Structures are given as structure tokens and as C-alpha cells.
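So, here's a batch of structures to check.
Two complexes are shown next, each including subunit A; its partner changes from subunit B in the first to subunit C in the second.
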Partner chain A sequence: MKIRELSRREFLAVSGMTGAGLVVAGCGGGETIGGEEEGGGDGQPQEGGTFTFGRGSDSVTLDPIHATDGESLIVCRQIFDGLLDFEPETTDLVPALAVEVPEPEEDGLVYTFPLREGVTFHDGTPFNAEAVVFNFERWMNSGNEYHAGGGPQASDFSYYSGMFGGFDEESIIESVEAVDEYTVRFRLREPQGPFLRNIAMSPFGIASPAAIQEDVEEFWRNPVGTGPFRFVEWNQGSTVRLEKNEEWWGTDVPVEEGGGGPFVDEVVFQSIDDNTSRVAALAGGQLSGADGLTPDDVPTIEQDPNLKVIFRPPLNVGYLAMHTQKEPFNDVNVRRAINHAIDMEAIVQAFFGETGEVATNPMPPTVPFFNEGVERYPYDPDRARELLAEAGYEDGFDTELWFMPIPRPYMPDGRGIAQAIASDLQEVGINCELVTFEWGTYIERTGRGEHPMALLGWTGDNGDPDNFLNIHFNSANATEENALNIAYYENDEVDELLNRGASTIDEGEREEAYMRVQEIIMEDAPWVTIAYTRPPLGFQNRVQGYLPSPTGGESFNSVYLSG
Partner chain B sequence: MTEQAQAGAQTDVVGGRVESRGRWRDFRRVFFGNRLALTGTAVMALFIFCALFAPIIAPYDPYEQDLTAKFAPPTSQHWLGQDELGRDILSRLIYGARVSLTAGLAAVAFATVVGTVIGVTAGYVGRWVDSVLMRLMDVILAFPTILLAIVIVTILGPSLTNAMLAVGIVNVPQLARVVRSAVITVRERDYVEAERALGAGNLQIVRTAILPNSLAPLIVQATLTLATAILDIAALSFLGLGARPPTPEWGAMLTDAFRSGFGVFVTGQHAIIFPGVAIALSVLSVNFIGDGLRDALDPRQRR
Partner chain C sequence: MLIGVSVLVFFMVRLIPGDPAQILLGQTASQERVQELRAQMGLDRPLPVQYLLFVRGAVTGDLGDSIVTGRPVTEELLARFPATLELTLAAMLLAVAVGIPVGVIAAVRQYSVLDKVTSVLALTGISMPIFWLAMILIVIFTVQLQLLPFPGRTSVPISSITGLALVDSLLTLNFEGFRSALLHLIMPAVALGTIPMAIITRMTRSSMLEVMNEDYIRTAHAKGLMPRRVIFKHALRNAMLPTVTVIGLQFGLLMGGAVITETIFAWSGIGQIAYESINRRDYAMIQAVVLYGATFFVLINLLVDVLYAILDPRVRY
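And then the complex of A and B:
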């Protein structure tokens, strides 16, 4: 949820203080990593070797509950396990430290997790129900002795408050208790539709209580979990080194359920902020894999006989938001006209290439309850002119189109896309001045609704429709500051449906609510949806078993090096 | 030049005329005998011609996109190929000459006017005014110019006008210093004393005696500053702090191409090379002209 926040690297890239970062600014910060399994290798996975993974920036913290950026979370993902996990390459749930995905009890107010027995943390202490209770109490009670740490850039447990409503009395989780040594029971204050998906997110990895009790302030750089790799050293600004956990509980679990391995002896995360240098390091063999490729890098890497591209399943959407409370965008006909006026097929073809597909709904088809029945407004400039005339703008109008100054995973080239959109809009008489700001300022100003039209996007973190639809279209998120609903879209019926979808655990009812929301959004057209992106990752051919997660943070347990 | 000659000739009217003709001849001889300066002048003339007659010369509309021809290589229709939006690079470079040269000139004009006012005031008035103004200039000089320009644009908001202003501001101290030192050498000359004896006021002395005789170093410095100004504005645009898209500014054209990623080095080199060459050529030419002017105008170097 904090994924759009400004990272240090992005700041430097935009402000132009680093020579190298300038050119590429892009490489997409934290959240791009991933792809598609290719062939799965032949025969038995091989043991050993070092898997060196190149990425755009370093981690901020290795205490998962304090992490909000993709680069921290993907490292935490290797060191920690949660109670539940996402099945590889999807956002379906599988058990992890729990033995099974629990069924809701008492109308969704109680969940009982049976835990895996015989699991130990990397420091040798046992994993049990008390450890789970210890972690949740640390996160949810602001008065807890260990509600601290995280390092200099700690997010203050913001993923916990973000996903579970807040701390203490505001927390949706009322209590967590150890029923016996290997059973833990959650009691909720109110039912929460996405509860189990939230539990599976990587910030909620279970940490060793002994290590936290020993020194909570230093835990962020001495992380101890139960994951497939154990922490070795962190050379800040450059590398994080991990080694194989020989005693990992998941070795005998099938690969499809997130188990298998770990096969490589060592995992090294290497930060190379300059995108071009990173791709060059991959081509030169110094890296086993790299993320943050641009669409134009894809053909380059595919042509290299030693390299391959894997695409991460899409869990994002890029969009153009119109400020629905400002003239002339308060008129639905104007918004529809703009939808008709843009030739999105051509734009997506040109700027996303193989990495994107034209979006219809405000969430990608990998998310449950995606409405297949909704259709885009077809490209039809004549119809757009008619609609503008109906709205009283026969001669068009002048406005501003804001675009992002740096590439994002959901939009590799905001600057180019803005120019293409402006050119299409000019055809129907709408003249756009193209405006941008430094990235932090851009988020701040769009979050205050200062724009008439703005490009932006969203990378989801748990694959729940609530995580896409509620944040963007609930009027509660059309706030004066830090708005996520930057179309400032307000519709009572939509609010009611979204709230119902979030607070019920009845799947049928949720489906009905979210399906209807997508229809209404298309009718009301507060956005022009642009594309769903499959972020590309590059690998040496010998890398096998890389199973990219749509959320951007996959476990490397199944990775092995052939030949 | 004639004004300068007249001013210099005030002490000896007859000899002055002879000297005036001699100076102009010397200037021509030295400047046009300098092959680099001549080449620079020719290239600049070409760029200025492009800038003036862009709509007539440019083969295509510089804004017209063709998304199907992304990074299409040079062909007989598109001599320098097409950019990331399928726009004709040659046409954009031709229109870009307008933007980049005008922006550079505007920045230098600003720096020259402000720098001259500060330099003349400091040099002519002297005493504490001199100290205060020049220390202020030193403060600005203490920062690397491009960094300071970035800070100014970041505060004012990114746009071409603000980029011009920022580049103008950071170049003021150089010009102010040159003017000041010229004014100080001229200030005590006999002809200045003569003007004063004739009852001329300060402003008139500055106008008729001081300025014209300080002009030579100013012209040289302003020309050399033009080169860095063009480069700095291109750099700001490259960083997304200058010209707004879709303006065909040379630095902005570079950044447009670079934003497409590593692949541009394989498939779209022309989109990087040609704007880069345009920037390099214009900067080199202006530098050559500046060097030629210095050789021709500075009497010490001439000997």
C-alpha cells in the first residue's frame, strides 16, 4: 500500500544529484521483479551455487513489519515465513507456517490456525503458538514493549495499521491467543473480507521472539526468521547476502504449494541503481538475474543466446484520472468523450510492447471477481466530438495533463504516453499542456487534487479487489491530503457496495458487489484505464525454477542453477 | 566598434580615425584568419538559418506522431530517422534550433544585462559597494553552476522559462567580474578625467566613456557564456527540468529517447546521436567563435 512512496533512489534520480541514476531513472524502484516459469528445467533440480539477483535499489529495513518498499520485502520474504502464503505465480492462498488455510468461524469473527510442528527459527529457538502471539502483540499494541525498532527509516508498523484498521482499539484483530502449543486463535472485532489474504502478505512474517527480546532496536539489520534462507550479512547500499537454511520446513512440500528446495547455497541481492549498468551486468554474466527491465530491453535480452526473459503476472494498473469535481470533468459526457478519443491499442503497443495489455477494469484479471463483461469505450474520435458537443464544448477546451517524471512498473514511460494521449486529444479539440513535478511533489499534489487530469497507477499487494477498487473509488479516500481516490469520484451506491464487499466474508455477496462496482465505474468513467503490465525480469538461461509472484516478492526456495 | 573607436580616439582626433580603421582591419585579419573561428561562424550561421526558416526547411511537422514507426532508422523519407513517438528527428532538430538557441541567447542576455549593471556599479563606485556586490557574486560562484541551476528550477518549478532564468542567474557573476575589472582599468584613464572635467555626470561618463571601452572583454565573455548556457539548458531539459514535452528542445529530445531504456542503444541510437551531435556542434562552434573574438579583440594577446 505504500508502494508509490518515494524511495531514496528515485529521489536522487529525479533531483539529478547522481550522474548515473539520471538516465535511467526508471528501473521501477522496488516493486518490479518476476516473470513466468520457463519449462521448469529438465529432471532433478541441482543443488549448490550462488544466485545473484540485481535490483534497482537497496533494502531499507529487514524487519518485515517495518518494510513498505518492494526491495525490503523481497529480502524479508526469503528470511521469514508467514502463517499463510500465496501460491507461486498466483494470489491464491496456501498454508505456510500454518498447516492449513482455516475456515472462518462465528460468521467471520474467529479464525483458528493449526501450526506446523517441529519448525525452528534460524537461531535454534522453536516456532510455536506463543511465537505467533508474541509477534501479533508486538504489532497491534502500541504500548507493547517491543512495538519499536525497524531502523532509521522504519515505517512504524504501517502495514499492520493499513491492513488491519489501526492499533489497539482500532485494530480489527481483537486478540490472538495460544490455544495449545501448536494452535493459535484470532478473534476479530468485525468480519473482514480480505482477512486471510492480508495474513499472507510478506510484512506479516513471523520473527524469532528470542532475537527481538535480545535487541529490538537492532533486529532490522540482524533478522531472524524461519525462512528458506538465513541472513548472513548486509553491506548497506550494495549487497545483502543470505545462505541456505538446511532445516527449512518446506523442503518436502510440493513446489506448487510453495515448497521445495532451497537449492542454491547462497543468495546475493546486488543493488545497481543505473538500469543500463544493471542490464549490462546481466549480459556480462555478473548477475544471475535482474529486475527493472524496460519494455525496450525485452527484445535485446531475448536476442542474447545466454539470457531469457520471464514476465511477472500482472497485478497492477496504469490509469489516467480525471478530477470529477472540476469543470469540465464533472460532466460524464466529457469523461466519456476522452475515453473515446484515445487510441489505447496503439499507445499500449508502442510503449508497453510485450509487457502490457490494454486495461478495461480498474484492476487486472488476476484479481478475483474481475468482470469479464465490461468493455472499454471504443476508439472513436467522431463519437468523442459528438459527446463534447452535447456537453457544450463544441470547440473543445484547454486543460492540463499531468504525467509522472519517472518510469513506474505500471507505466514505463509516462512522458511518452502523455505526449501520445495529448496528441489524440488534440484531434478532438482538447488542448493539453503537459505538466510534471519531481516524483515526491507529484504524489503530494495529486494527493491534494490539484490536477485536472493526471497519469498514475497502482501495484496491488494482496490480490484482493478491495485493494484496487476501494482505495480508488471509495469517497472516503477522496481526502484533502494524500488522497488515493485522485479522480475525487463520489458515488453513494459505489461506496455502499465497496463497504459491503470489504466487511462480509460471503464470497457470493462479495462477487456481486465488486462485479457491479466495475460496471458502474465504466459507465461513470472517472478514469481512462491504460494497461495491465507484466513486468519483465531477465535471467541467465541456467537459472531454473524462478516462480514470479504477482505481488512482486517471491521466495527463491525453488530456484536452482543448471549446468 | 565605431563607438568604441571614437571613445578611444577622444584624446587625439586625427590619430583616432586612423587607429579606428586599423583596429577594424586588425580584427578582421585575426578573426577571419582563424580557421576554427571561421568554421564556428559557418556552423552557427547554418543553425541560425534553420532557426529562422524552420517552417520552410523542416520536411515534416515536428509534433506529428506515428506510433507504428517507433525508433524507425534513417530512410530516404526520414533522413535522420524517427524518435520514440515516430516523429521526424530532422524536423525536430530544425525546430529545436529555435528553442535551444533562443533559450541560450535569452539566458546570456539576462546574465549580460544584470552582470554589466553589477560590474559597472562595483567597478565605478568602488569602496564598500564593490566589496558587497563582489562578495555576493563570490557566494554564487562557490556553487557548481549546474547544481545551482537545478536548485533554482526546482524551487521555481520546471519550465523552459525558469530554466533560462536559472542559467542566466548562475552566469551573472562571471560577467560581472569581467566587466568590473575592465571598468577599473578604464576608470582612471585620462579621457575619463577629461569627461569629468567637462562636467559630465556619472551616468554620462559610464555611457560614453566607460562602457564602450569595456566592451571587448564583455563580448568575448558573453560569447563563451553562450556556449555553456546552451549546454546547461540542454542538461536541465535532459533532467526533465527544462522544456516541457512535446517541445522539440535538443536536451529534451535526448531524454525522450533515453527513457525508453537499454534497448535504445541497440535499436534507437540515431535518436540519441543526432540531438547529441546538434548540441555538441553548437557548443563547439560558439566556443570557437568566442576564442576567435578574444584573439581578435584582446590587444595583449594580439602582440
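And then the complex of A and C:
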């Protein structure tokens, strides 16, 4: 199947048409590619050109294992490949530097990855099992000589410790060994349900051991990987410039499995802090694409004949959390009453427009084991009053509603939404004082549980239910400081189910656990779920093949510029 | 004065809510890690101690390292300085080149239509917020006419020698780069230069009017000198004194305006770094920007005082 001996030019001559067909097929599947006007034309991906992508802020580090912010990770995604990847536009797994997605062995304690042969890093050194072992040992052993670097804002390998439990003895990965030149075997200390999904996350891109050994401290601004684009230069605060990797291994992999391309000669990430200027730069033809658009920008861009909007599949949820350990929210009837009292359809329509979808569960439908059977509490102020009366609040009560001071991807206008919610609640006798703080302070205070009711949201990392449900509803996360479970929801049954879902590798058992958690959360109503947001991206019409990932970190290999 | 500035800026940046370590590490960081980083950044020490360390560093030219890039802030600002210098010089050049002649003409033709139009335009210019003007320019020249490019300083790579894109592109005979840099410079320079231009116009006009009523001007006219010679040789030179003072003061305004202009046009200069540093609570960087800014302002005004002596023979130091 693999035709490695062909040069790129010959390869295109032989299979260019097939590749083109695949791009079209890939586009046809989703409403997300808005290129109807061009009708796909002959649809053949064109080579060349510069793809300039505007964004709200610059990267922090280009050493993926040290990155925690989306702006660093999306650049790293172009330069590095992981063993596994997410299929374009979904959170399903596809092989990347591994040749297949491995099956768990020994009840999920062992995973064996066969690796792609003939892949080289951008510095010309070969990719093999030793390189994988080198990277994992760098990440997992705090005593490793190269457990360093990342630049001044290095996160201290926080994605590693976050996803795999910690370093050294605490690491869920016990060892990684090279079985032969192109096979690595992972041995885990305990089974981990989301293990393969974690491996596919962009922080776990495989870096060139030679480059790290040469200067681990400078690697964050001289990144070397195997990805579709190689690093050229980084003007901090302004641009990151990448160029096409002509030798990328994925060129002959089908587009729907994350391959194809790279087609453009050059990728430039341009940071423009000011949102209005960024949209203006797009409209003026200075950018090929831009993210960070507000819902208000969507109609403007859609009306421009040269531009189009592509929506990113949602991997987030905005919510109103009630502090379940404080009066009166410790009464489930009060929480249900609040759920009944808010006309969420109207609010989402007004504040999210086309970018939002009313949420039924605490995680979006792109996440596996999403429970379709769960329904929202219907908007019913009369029922809300009844429930309040049952709880002993027939005259309502006074409380505070906290909202975030700045737009977030999962909630474009915290203040407006808070006002709308407050006015709905007033109808049933609940008077809310609106409260906010500077963003850092807001996180700090909600993380200490100082609020009665607060708006917040979450953007997922790896598309696993654990990443939404465990974080928000496990009592272990209802901590005194930096709580993520800001409803301070504690339920032994839920804890038990969540822990089981996280530790088993039996998909059937995971499904059962997470489905049940969503039902219980619905009944106990610690939140009012608000919306899943499909963040809009704006593009020139000539940009084709942009396949946004729910995780926010898509590869640009399939992007090309038509005519 | 600089000591006062240092005290003010040091304590004011620390009044901004939000902990740099927390912002840096994000929402999900553990408390231990935040504490560790605070200690590493020296933020766990008492404020007066932090201040003394800051002053000790400052007098030896070490203002600390940026928490964003890890490099010394002085080095970081020097790298960004040419971009801001290029922008402010262009803006000031524009302001002077337009403001002074227009002011002179308006004064010479007092109460003419031209004078009145100029006055209205100058008043509009002074009252115009920079961000608004910048957006209008972008909408007209980039979005509608697609004539002028932005963001950034150039879209053609220019090898850096002095850091001034226009100069470097000429030195390397990179004419494509020169054209690109020049086109990129127009909108930011106009946005930034409009207010000083308006102020200089008004100042020149009023001081010209004052000088034109002096006895020696009447004498000059009386002894039969050409009006042109009277205006440029006798009146303008004397009228320049207040204008030069104003130009010096305008540099302060330009530095403030540069923050807005650079942010809107994604011009990677000192103004942009100031904006980012405030967002990221990069204390060392904010302090350095303000301190160097103040120093620069003092130096400019010193230069203005020296210029007095050249312009006005009565002033001797």
C-alpha cells in the first residue's frame, strides 16, 4: 500500500486525483465547509501560497509538553505529531506516528504501538522506538537530565502530570520500552480508561531527541518534530512562521484519517490582540483566516461575498453552578425550581445566535457516551413557584449571581446572560444581585466557593467524558482552593461511578457509568446547563480544506488555497 | 522625579488584581505549584523588600527578567524600541511637516476661509480618539479600498540591521521590502500623528499671530523687506519657541498613543509589549516600560531646553 520510493512529484502525478477526491469527500460530509459557491469546482487541492492565520494572542512556548494554552498548542500541532491523533472534525482516534490504534493487553496494563517506518524529524534524524522512549522518559521522570526547558512560562510538564497522574512513582505509565526499532510497549501501573485519548493530545507530540540533547533550554523556541510544517522563525508578540515539510509521512494517508498535503508553502500565525482589527484585517484580505470571532461578527462575515464562516464542532459547555452546600441551594427543589424558571431557549438564541446550541448535559454531544435520553427541565415558571413553595420559599429569596467579566469561548457575554437569567428568576420571586470581579480574581474566588450562584464554563482537552464529568462533579474536585467542582457537589454514588469510568478499560462499563452519571446530575440539578458553543472561524473563500477540530488544535496539512 | 516614578509604578502595578503566578499557570494549576512559582519570582517577600531589590537592580541597569520571554526586560525593550521609534518619528515628522506650514499659512491669512477650515480641522483632530481614527482608516483603506496593508510592519521579510524597517530595507537594497514597510507605516503614523499635528497647527498659528503683531515685525515691513522674508526670517523663528515646547511635550502623548496604535495595528513595538505585559501581570516589564518612558520623556525635554538656546539668542545656559 505504501509507496515510499516515489518522489513527491511522481506521487502527485499518480495519486493526486485520488487525494483530491478524498478532500472533496471529506468536505462533503460536513456542513462546516462553506465552499458551495466554488462548488468544489474540479476540487483539486492546489499547491503553494501562504496561509496567514490571525489569532488573539501569541504562543507562550513551542515545546508542546510545556504548553497549556491553545495558542501554543495549535502551533505545536503543525510542527509535531503524536503517536495517535484525533480524526479531523471529531474526537475519534486515528493512528499518526503509530501505524494502528493498539488494543489493550493484560486487562489494560499493556499497550503495544507499532510505529511508522521511514519517518524523519525536521533535523534529519530518524524517528524510531528509541525516540518515543526518549520523549516519555523525559516527561515522566523528574530526575531525567532533560526533564527541563520549556521557556520562562514552562508549565512544568503539567499536561503529563495532569493526564497521567504525576511523575516517577505517581505516573500511571510505569515504563516505556523499545521492543524493536519500530515497536514500543507501554506498561501501566493501573488501567486508565482514557489512556489512548490522552496519548493523542497535542502536548504529547514526539520531539527530536537530537535537538533536545543539543539544547533542552532553548528547545521551546527552536522546536523540531516530524509534523507537516517545520519551524522557520518566531517574532515573539507578532508572528510564527512555518514552512511546508516536503517529506511529511502523512502525504499519502487519506484526508479523513488526518493525512493529505501539506499543500501551502508557508503558514504564518499572526497575533492581533484587538478583535475588531483582526476582523478588519480578514475583511481587508490581509489574513487568510482568523479565529476568536464574536457571535456579532458572524453575520458581518457571512454577508461579505469574499468571506465565509466555519464553525468549530463544540467541545465545551457554559453553565450556571449553584453552591450545593449553601442555603438555599442545598435543597434540590430550589435547584430544580431555578432550572424550570429560566427560558434558556430564548437566552441562547439572543446571546449565542448561530454559534450556540442549548445544552442538555454537562458535556457536549461530540464527547462519547453522551446521554441522548436526558432532557432539560422545561421552562415552566409555575412549576418553579410550586417547587419553591415546597422548599419553604413561597416568597422567594435574595441571592447573588456571579458572572465573568470577559467573553469566554463558551460564553460570549457573561453580563448579558446574567441579566437575562436574573430577570427570569425575578419572575418567580428570586432577586439576584449581579456580581463580578476581574477575571483572575473571579477564578480565584469561585475556586474557593465564595459564590452562591456563578456562571462559568469549560473547554475540553481530549474529548473524554472523564474530562468533563469527573472534573466538575467528583467530590475530590470540590476543594478549598482552585476547585473545579464549583457547585461543591458531593454524591458518593457519582464519585464511585466516575472513578470506575476513569479506571476501567471496558468500554461497555465506561458507557454505563457515564450514562448513569448524566442522569443523576440531571435529577440532582447542581447546575443549570446553558449552551454548547460552536466557535466561529472566518476565512477567505479561497481557503479550502480547513477541518476544525473540537479540541481546537487542528492540523493545517489539508488546507489549500484555490485559484 | 525618576525616583517618584519608580515608587508610583512599582506599587501601582501591584495594585492590579490578579496574581501573576496564577495567571501564568492557569486555572487548573495546583496551589503548591503556584506558591513555588511565586517564590521563584520573588513575589512571596514583603513589598518594601521587593521595592529595594527593584531599585538596587534599577541603578545598576538591571530591571529584571520578563516572565513572558525570560530574557532581561532591557534587552527585550531594546529589541522592540526601533519599531516604536520608527512609528513615533514618522508620526512626529508628519505632524511637524503638516502642522507648522499649515499653522503659518493660517496665521498669515487670518480670518480667511482657509484659516477657518484649518481651525475646524485642527479642533476635530484634537478631539478624535486614536482608536476610532485607526478603525476608520482601516475600514476605508484596508477593508473598502484594499490599498493599505496591516497588521504588522511588513509582509516581506527584511533582514535586520538597525531594526528600522525603512532603513534596513534600503541598506540591503530590498526595494520590495521598503515599499511594504512604507505602506504598512502609513496608517499607524497617521493615526498616531493626527493629534500632535492638530496641536502643532494651533500652537503655530497662535504664536505666529502674536509675533506678527510685535513692533519689530512692523519695523521689518516698514523698512521694505519682502513679506516672505519677514515671515520666515523674523516671525517664524521667534514663533517657534512655544511650538518647540509643545513638540517636546507631544512626545509624551505619542508614547501613550503608541500603546493604542500598536495594539490596533499589531505593530510589535514597546506600546504593544506594554499592553501585553499589563494583561499578563509582567511586573518587571511594566516597570521597565514606565521607567524608560519617563527617562526618555525627561531627555526629550532636556533637548527642548537646549533647542531654546539655539532658537533664542537671549537664552544662555
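Descriptive notes on the structure:
Keep in mind that, in the parts below, the second predicted complex is superposed on the first by the 521 of 563 C-alpha atoms of A that agree within 3 Å, B and C clash if a C-alpha of one lies under 4 Å from a C-alpha of the other, contacts with A are read in each partner's own complex, and residues count from 1 in each chain.
Simple rule for what comes next: a contact is a pair of C-beta atoms (placed from the backbone, for glycine too) under 8 Å apart; a residue touches a chain by one contact, two chains touch by 3 or more.
Bear in mind the structure is a predicted one, so any value in this text is a computation, not a measurement.
Look at subunit A after the overlay: subunit B and subunit C fit there side by side.
In the superposition on chain A, contact of A:Gly151 is made with subunit C only, not with subunit B. Applying the stated contact rule after C-alpha superposition, one finds that A:Ala346 touches subunit B and leaves subunit C untouched. By the touch criterion defined above, A:Asp413 lies against subunit B but remains apart from subunit C after alignment on the C-alpha atoms of chain A. In the superposition on chain A, A:Asn235 makes contact with subunit C only, while subunit B stays out of contact range. Of the two partner chains placed around the shared chain by superposition, subunit B is the only one that A:Val435 touches, whereas subunit C remains out of contact. In the superposed model, A:Val179 makes contact with neither subunit B nor subunit C. Once the two complexes are laid over each other on the shared chain, residue contacts for A:Pro299 go to subunit B alone; subunit C is not touched.
Contacts of A:Thr276 after superposition: both subunit B and subunit C are touched.
Think of it this way: put the two complexes on top of each other by chain A, and the tightest Cα contact between subunit B and subunit C is 5 Å. Shared contact residues on subunit A (touching subunit B in one structure, subunit C in the other): 276, 280, 437-438. Within the complex formed with subunit A, the residues of subunit B that make contact are 63, 65, 67-68, 70, 84-86, 150, 154, 157-158, 238-241, 244-246, 255-256, 258-268. Those residues of subunit C that touch subunit A in the shared complex are 16-19, 22-31, 33, 65-70, 80, 134-135, 138-139, 142-143, 146, 149-152, 263-266, 268, 272-273, 275-276, 281. Within the complex formed with subunit C, the subunit A residues making contact are 54, 57-58, 60, 68-69, 151-153, 155-156, 158, 162, 235-239, 270-274, 276-277, 280-281, 283-286, 437-441, 443-444, 447, 481-482, 484.
Interface residues of subunit A, counted against subunit B in their complex, comprise 14-16, 22-26, 275-276, 279-280, 293-300, 346-347, 349-350, 405, 407, 412-413, 415-416, 418-420, 422-423, 433-438.
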